[in-house]
Structures are given as C-alpha cells and as structure tokens.
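Each of the two complexes below includes chain A, the first together with chain B, the second together with chain C.
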Partner chain A sequence: MERTLLALRYPLLGLLVLLLPFLIRSNYWIYMFTLVGIYIILAGSLDLIYGYTGLASLGHGAFFGIGAYACGILQVKLGYSIIPAIVLGTLFTCAFSALSGWPMLRIKGPYFALGTLAMGSMVTIVIHNWDSLTGGVSLSGIPLPPTIEFLGLRIDFSEKLPYYYLVYFFVFLSLFLIRRLNRSRLGRAFQAIRENGDLAEALGINILRYKLISFVIASTMAAFAGGLYANYMGSIEPEIAGGHMSFNLLVMIVVGGARTLTGEIVGPLLLWFLPEFLEAAVVYRPLFYGLVLLIVIILVPAGIGGKFRSLSPRLAKWIP
Partner chain B sequence: MDSLKSEDRSSLLVVDRLSVNFGRLAAVSELDFNIQAQEIFGLIGPNGAGKTTVFNAITSAVPLSGGTIRFDGQDVSRLKPHQITAAGIVRVHQSANVFPETTVREHVMTGLHCRTATSVLGAVLNTPFCRKEEARGHDKAGELMALALLEDVQGQPASSLTWAQQKRLMVATALATRPKLLLLDEPVAGMNSDEIEEMLDLVAAVRKQGMTVFVIEHNMQVMMRICDRMLVMNYGRKLTEGNPEKISQDPKVIEAYLGYKQK
Partner chain C sequence: MTEFLQYTVNGLIAGSAYGLLALAMTLIYGIFHVPNFALGAIYALGAFVSFYVIQWLGPAYYLLSLFPIVLLAGILGILSEKIVFRPLHGAPHAAGFIGALGLYSILEGGWSVLFGPTWRSLVSPYNDVFLNLGPVSLTLQRLLLFIVCLLFALITYLLIFRTLMGKKIRASSENKEVASLLGVATDRMSSLTFVIGYVLSGIAGALIAPTALVGAGMGLTPIIKGFIVVALGGLGSVTGAIVGGLILGLGENYGAAYISSMYKDIFSFGIFLLVLLLMPQGLYKR
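Let's turn to the complex of A and B:
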C-alpha cells in the first residue's frame, strides 16, 4: 500500500500541476505560477552547482540573463522565429558558460563566489550599455509563440493556459534530468567533489572536468529558462542577469533545502508567493529575502526540505 | 646497490634519484628504490624521515624537485593526481579521509569512477549501457564491502563508522579503482589488536588477488609480519634496504630507528 502510494507521488504531483489552473481559475494566478515554474527551473539548476557539486555561485542569474537576451535579440533584431531563437540562444550561453567556467572553476570557495558575482555584474553592465544590440534599459517586442493548429486543436499562446503547460513541461523535464544525472556515476563524482575534493582527485576523478560539466549543464538550463521568460514577458531588463537575481535564487535553494526536490520546488514557491500574500511592496522584497534567509540559516540550516527529511527516516522516503 | 640488482626482474615501480624540497628543506633527497610486482614493500623510518612525502611524490600530491618515477614501464613523474590513479596507483591516507555524508555503498562505488564510462547523455537517457554498468558497479561494491567487512553498515554514512571501519572503507574504495599498486599510509595506526587483525586479513586478501602493496607503518611487529622487503629512511635519505630479518639486525637501523630501546 505504502509502496503504491510512494510510486504514485510523482504522477499525483503531475496531476496537481495539470489541474491547478482549473482550481484557481484566475489569469493572474496562472501567470504567477508560470513565473514560479521558470524560477523552479532556475533554482533546480542552481542546486546542481550549489547543492550537489558544492560550488556557491553568485552568478547564476547571468546565464539566465544571457539566455533571455540572446533569445530576444535573435527574434527582435535578427528576425529569427521562436524555436531556433531559443535553441541558438541556449547553445550560445552553453558555450559562454564553458568559456567562463574554465578559468573560474579553478578558484575555490569564497573566491569562486566572488568571481561569479563579478561576472554577473559585468554581464549586467554590458547589457545595459550595449544599447544598439540590447536596447539598453529594456529589450521589448519579443513575440509570444505563434498559434498552433494541431489535430484540430487550437493552441493560442496569448491565453495564459498554454504557456503555463509549456513551462511546466520543461520544469518536469529539467528536474527529471537533474535526478537522473545525480543517480549516475556523474552524480557520485559531483558529490565526491563537494564532500572531499582532494580525495575525489586521489580516486581518479578529474575535478575540473566534472565541475565544468555540472556548471555548463546548470547554466544551459538557466539559459533555456531565460528563453522561456523572454518570450513570455515580451520585454526584458538587464537586472535579470544581476546580483539580486542570483542572490534570490541562492536564497530559494538554501531556504527550500539544497539537494532535495522538495527544496527546488518549495523554495521558489515560498519566496515568490509569501511577499505576495503579505502584500509587501516590491522595494521591501530584498529585505524580506534577507530576513527569511537569516531565520532559515540560524534555525534550519538544512532548509525546509532537509529539515523535514531529517525528522524521521519514514518521512524522508516521502520527501524526495 | 641492492636496487640495481633487482631491477632486472619485473619492477612495477622504479624510483630513481627522487628529491622533494620544501623551500630549502630537503624532505627527500636522491632516493632510489624499486618495488617488484606482487610484493609487500615496507617503508619505515623515524618521524620526519620523509616517508609520507615519498607517498605524496608518487601520487603527485607534491611536485618533484628532481628524479623520476616509473610505473609499469611508464614515466608517471609529471602526471596529475587523477591520471596517476587511472594508471593504477592508489593511496590510502593516514588520517580519516572519507566522503562523510556518502553511504558506504555509494562511497565504494565512487572509487569505480575511473573504470567506468557512462557519459552525461548516457546517464540522462539511462541507456542499457549505463544500466549494465551501474549493475556491475553494485556487484563490485558488494564484493569489496564483503572483503572489508562492511556489509552490515552499507547504508550508513561514512562519518558514522568507527575509526577502523573508516580505514577499511578507505581501502575498499581505493581497491575499487582497480589499482596495481596500493599505497597504505599507517593502515593500523590507532587500532586495537582485533582491528589490526581485520586490517591484516584485508591486506592478505588484497595480495592474494595479485596486487602489489607499498606500506608505511610504525608498528614494527606488523611490518615484520607482512613485508617481503623494507626500505629504511632517515633525514630524507635511504638508510638501508632488505628483508625484515636483515633490517631488524642492521646496526644502522637500530641506532637510527630503534636506538631508544637500547638506551
């Protein structure tokens, strides 16, 4: 009985995501949940670097921003259609992350964090100042995907629902990919690097190579989320690549609980919706994030997911 | 001179004029020795003689200041640590050096890394090759855990094990890299007599599988029992080399190493 229920938790979660729009029946909330979905992809991919591989990156937003801008520029300035734009934008960011990761991943601990922070700032400044390419303060006019007619079914992306499903399809895909990776020899290499880098190397693991693999995969996912974001919002600003964004993503993972699927989902949900329910003004949000982070670090350092898992082994089985 | 004679036979490791300097301090100078395939070769010497530095030099944890190290016919002096492991040399550290949160089974499987090949794509798609490799990995880990008497704790994180269990886990994980030469740095330090016997059984089993063992140990009784040949170091240099009997009677060794017992 328990086994059947355990096996059913993911299909049930999927069903909940499918039915959620019909329960909330509000375009505003569907819009909010769509954005949360994009944040779940971002937080999940950051968990691969931070949680699993143990590299505290403060520049994850940069790859989200580069992905979003590459995809937007390809469509607005160069006239590409959405699918090639997202694919090329993601590939471009993938290459960029490999080139920037190669030197950066040689530096360790706090220096790596500072390096990634600096890179995020540089990316923001470049986007801000390269007006002719990026539109400066904002790049607008990024179109929604065109309406599709498929087997007599008409999918019109100007309604909120289709994009919601599109985003959550990729949420499931990316979380699934992260799980698969972490259950393989690659996941063991990531974990070995996190727990004892010297021993990992002594056991024949090429540390730089596996750090780079983790970093590039996560950055590529973030870039793809950027493409989804750009096309959903229609206009994007340089700040999405900046330090605030990266910091917020890190807060989501720390608060939700690193290395737990629960954390990758609950972190973004909580930090997105709680200020909303508290009707906090946008300017106070960083303050709120800082406060939540402080409370969590002091009281539940393993994060919400980690805390629940540690309560009992029985509960741990239920909380992936 | 001993080393030159034995080089004609099948030398697995040939260390030639090895020097390691830390600034102006010569930790190891002009050290020559070689290790035959399938022997248990011991390295002894007073504290600070440079024993662990020799291990560090072989595994590329410190850069050589001079000399060469040849392993299995290949010059390994300039390889990176992970390449040394791939070439077939693995080292078990003196202190507890484990992945603390990793369960014993996963810990041993981590050692299989350099002998497995599943790629990112293979892992993501969970290809038949990936599944087969994982299954083989679990079998191998099971074997090694049985050998190291760790089957009962296979689901526990490494940090929860006793000191002796952690040491055996380190050996089992090292064995998973399928080494030809196993370096053991003080394998029985801090153990009680039962635990020492368990470790020696493990070393005996390793040797039975045809592996070569290079061991540093302060416990002379243990060294006399297990070693085929020994090298004695003092102040970074070779003092003498030979079988345990010869070593134990060498006046130079008694003076440098066991001297305090005579006083």
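Let's turn to the complex of A and C:
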C-alpha cells in the first residue's frame, strides 16, 4: 500500500496542480499561482547553483531580467513572434551567462556573492538608462501568446487558465531536469565541488568547468522563466534584474531547504503566500523576508525540507 | 583645469564617506570573516536620526544628533553580534553571509515601517554656506563631511594601533584561540569591534544625509561600495580602507564627469569586478 502510494506521489502532485484552478475558482488566485510557478522555476534553478554546487549567487535575478528583457525587446521593438523571441532571448542570456560566469566563477566565497550582486546592479543600471532599447522605467506592450485553434480546441491566452497550465508544464519539466541532472555524473561533480573543492580538483574534476556548466544551465532556466514572465505580465521593470529579486530567490531556497525538491516548491509558495495571508502591507515584506531568513538560518540551517527529511528515514522517502 | 580640481575635491569628499564605511566593514570582517551588510542599514539609521533631530529641535542642533546615533548604533552593534553573528560563526556554506543579508533586510524593512517608505531631504545649517577656495567651491557641509570622516578615521586608527584595547582587538581577529589563551576576553572584544563599526557607519550616514536623499534603502549602494573599498585596500588594513575610499570616490567622480554621469555606479562596480578578477588570491590573504 505504502509503496503504491509512494510511486504515485508525483502523479498525485500533478493531478493536484491540474485540479487546483477548479478548487480555487478565482482568476486572482490563478494569477498568483502562475507567478509562484515562475518563482518555482527560478528557485529551483538557483538551487542548482547555491544548493548543489555551493555558490551563493546574488545575481540570479540578473539572468531572469535579461531573459525577460531580451524576449520583450525582440517582440516589442523588433517584431518577432513569441516562440522565436523566447528561444532567442534564452539563447542570448545563455551566452551572456557563459561570458560573465567565465571570469566571475574564479572568485571565491563572499566575494563571489558580492561580485554577482555588483553584476546584477550593473545590469539594472544599464536597463534603466538605455531607454531607447529598453523603455527605461518599464517596457510595456509585450503581447500574450496568440489564440490557438487545435483539433477544434480553442486556447485563448487572455484567459488566466491556459497560461497557468503552460507555466506549470515548464515547472514540472524544469524540476524534473534539475533532479535528473543532480543524479547524473555531472551532478555528482557539482556536489563534490560543494563538499570539498580541493579534493574534487585532486580527483581530476575541472572545478571551473563544472561550476560554469552549473551556472550556465541555471541561468538559462532563469532566462526562460523571464520569457514566460514577460509575456504573462505584458510589461516589465528593470528592478526584476536587481539585488532585491536575487535576494528574495535566495531566501526562498534557504528557507525551503536547499537540495530538496520540497524546498524548491515550498520556499516560493510560503514566501509568496504567507505575507498575502497575513494581509501585510507591501512595506512589511522586507522585514518579513529578513526575519524568516534569519530565524531559519540560525535555528534550522537545513531549511524546512531538509529539517523534515532529517526527522526520520521514513519521512525522508516522502519528502524528496 | 579648474573643472578637474573641482572633480578632484568632489571625489575626495565622496571618498571619505566610503572610506569610513570601509573602515567599519574591515574591522568587523576581521572578527567573523563576514561582510556585514547590515552596516548599510545603520548608515541609513544615522541619516534618519539627524533628520529627526533637525525636524524636532531645529537645524542648529544638527551636530548634536551624533550623540543619539552613537548610543543607538552601539546597542544595535552589541545585539547583532550576540544574536546573529556569534551563533553563525563557523557555520558552513555562507551561512554568516546570508545571516548578514537577513539582518540588513530586517533593519531596512524596519526603517520603512518606522519612518515610512518615502525619500526625504534634510536641511543642514551648513548646506547654504559656500566656501571658495581658489578655483574650487564647496559647501561647508561637504567640508565638514570630509573633516569629520577623516577625524573619526584617525581616532579609530589610534584606538586600534595605539591602545591596549586596540591590541586586544587585533589579537582577537588575528587568532581567536591563542588570544583567549593569553587572557584576552575575545567575546567582549568582538562586541566592542561591532560597536566601533556600527558607530562609524551611523556617523557616516549622519554626515552624508544633508547631501543625499534620506530613505530606508539609502545604505545599500554605499555599503556595497564600502566593501569594494575593502577589496581594493586589502582586508584588515585601516589605511587601506581610507586610501581605497578616496581612490574609489575619485574614480567614480572622474568617470561621471568625463564619461557619463548616468553610469556612475557602473564605474565603481566595474572597478570592483576588475579588482576581484585580477587579484582574487591576493584578496583572500591578509
């Protein structure tokens, strides 16, 4: 019985995601859950860098922002349609992350975090000031995907539901990819680097190359999430690339629990919805995020997912 | 040439504030090896305190605001050392650094809640007094900023290098175990270092306040720059912090003047990344 349920836990989770919109039946909440989905992709990809490879990046938002802006600019200024815009925007960010990661990943410890933070700030400043290309304070007019007529089925993206399913399709895909990746040879190299970089190097792992691979894969996923975000919101601001965004993502993954699938999902859900349920004004959010982060890092350093996993091996099976 | 001199003076003045922040940063870094971002929020607190002192008591009392700042910053320094940094000391995977970020977020968020999220300007009595030194002109406030920053840097220098207490602080940051074996109360020294660092940051904020906009988030960019200076000047180096601060201030102002003012912050971040890239190993060594 338990084994059957255990085998069914992912399909059940999928079913829950499929049925959720019919349970909540509110466009506002579907909208919120769609945004959370985008944050799950972002937090999951950051987990690859922070959790698995052990690099505390404060510049992950930069790649989300560049992806969103590249995708938006291709559509608004250059007249591309959505699919080539997302693909080209993501590829552009992929190249950018490789170029910026190549020198930056040589930097160690807190300096890496500071360096990535500086990079994110530079990206924000450039987006802000290059207004002929980026629209300055905001880039608006990014269209929703066109309506699809397929086998008599009509998918109209101006309704909230289709985009929700689109986003969660990619949420599942990216979480699946991250898990597969970390169980592969590549993922074991990442974790060896995190645990003991010198030892990993002595065993013949080219640290810089594997760090770069991890960094580029995660940044590419973030950029893709940026493309999804840009087309969903219709207008984007430079702040999505900045330090606050990157900080919030780091909070999500630390609080949820690094290196756990549960953490990648629970972190964004909790930090997105808890302030909402407490009906806290926006001004309280940084205070709330900081408090939660501090309490977790001091009292439960493994995060929520990690803590539950460590309670009993039986529970750990249920909490991937 | 006149313009160049003016930019030089502007750069030195801006740089003296960066230098003071870097000094605070480097002292605290010496203890727990964590860049303490929360200093940026203390800098903002200093600005807020002088804002309210001027609003309630009048502009003539501006310099009086330094007293409550020393008190508040000192208390926050002791609290954050005890509650956040000491428990996280030695924890793996950048935990201390993440704790510092959390503390910064709490304080910045706290100021927004307490003082409101708006940005405001502060009128110092020294803002309207212009001094003409040959071809260069500056306000008395900016001269005050420069002089007081250097004065506090000097006091700190003397405290660290010319007193027994300073010797104990240096011993604790050099090697905690050995220092405590030799009878140095290392925990008290680390609290003391936090107090000194927090007070310096609060004072820097109060001095900058009349020349900048006052708001909860005003400290983030300066504290990043303070850390950049620490990277430039060498960790644990008091003179390096001051000289590095002046260099960063100059570089930024020349860049803004001769290349583009919109991209001013890009110059300092660019300098930072270049330093990190060109001498990553040298940075780790003290």
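The criterion applied here is as follows: the second predicted complex is superposed on the first by the 320 of 320 C-alpha atoms of A that agree within 3 Å, B and C clash if a C-alpha of one lies under 4 Å from a C-alpha of the other, contacts with A are read in each partner's own complex, and residues count from 1 in each chain.
Here, contacts are C-beta pairs under 8 Å (C-beta built on N, C-alpha and C of every residue); 3 or more make two chains touch, one makes a residue touch a chain.
Model, not experiment: these values are computed from the prediction.
Shared-chain residue A:196: touches chain B; no touch with chain C.
Residue by residue along chain A, chain B and chain C are tallied for touches, and C comes out ahead. In the superposition on chain A, A:188 makes contact with chain B only, while chain C stays out of contact range. In the superposed model, A:243 lies in contact with chain C only, and not with chain B. Touch criterion met: A:180 reaches chain B, while chain C stays clear of it.
In the overlay built on the shared chain, the residue A:43 is in contact with neither chain B nor chain C.
By the document's definition of touching, of the two partners only chain B reaches A:205; chain C does not. Shared-chain residue A:62: touches no atom of chain B or chain C. In the superposed model, A:213 lies in contact with chain B only, and not with chain C.
By the touch criterion stated above, chain C contacts chain A in their complex at residues 34-35, 84, 87-88, 91, 93-95, 97-99, 101-110, 112-113, 117, 220-221, 224, 227-228, 231, 262-263, 265-266, 269-270, 272-273, 276-277, 280, 283-284. Within the complex formed with chain C, the residues of chain A that make contact are 54, 56, 58, 103-104, 106-111, 113-115, 117-119, 121-122, 125-126, 129, 194, 243, 247, 250-251, 254, 283-291, 293-294, 297-298, 301.
Those residues of chain B that touch chain A in the shared complex are 59, 61, 80-82, 85-86, 90-91, 93, 97-102, 106, 109-114, 116, 118, 120, 122-124, 126, 130, 133-134, 137, 173-174, 177. Within the complex formed with chain B, the chain A residues making contact are 177, 180-181, 183-189, 191-192, 195-196, 198-207, 213, 217.
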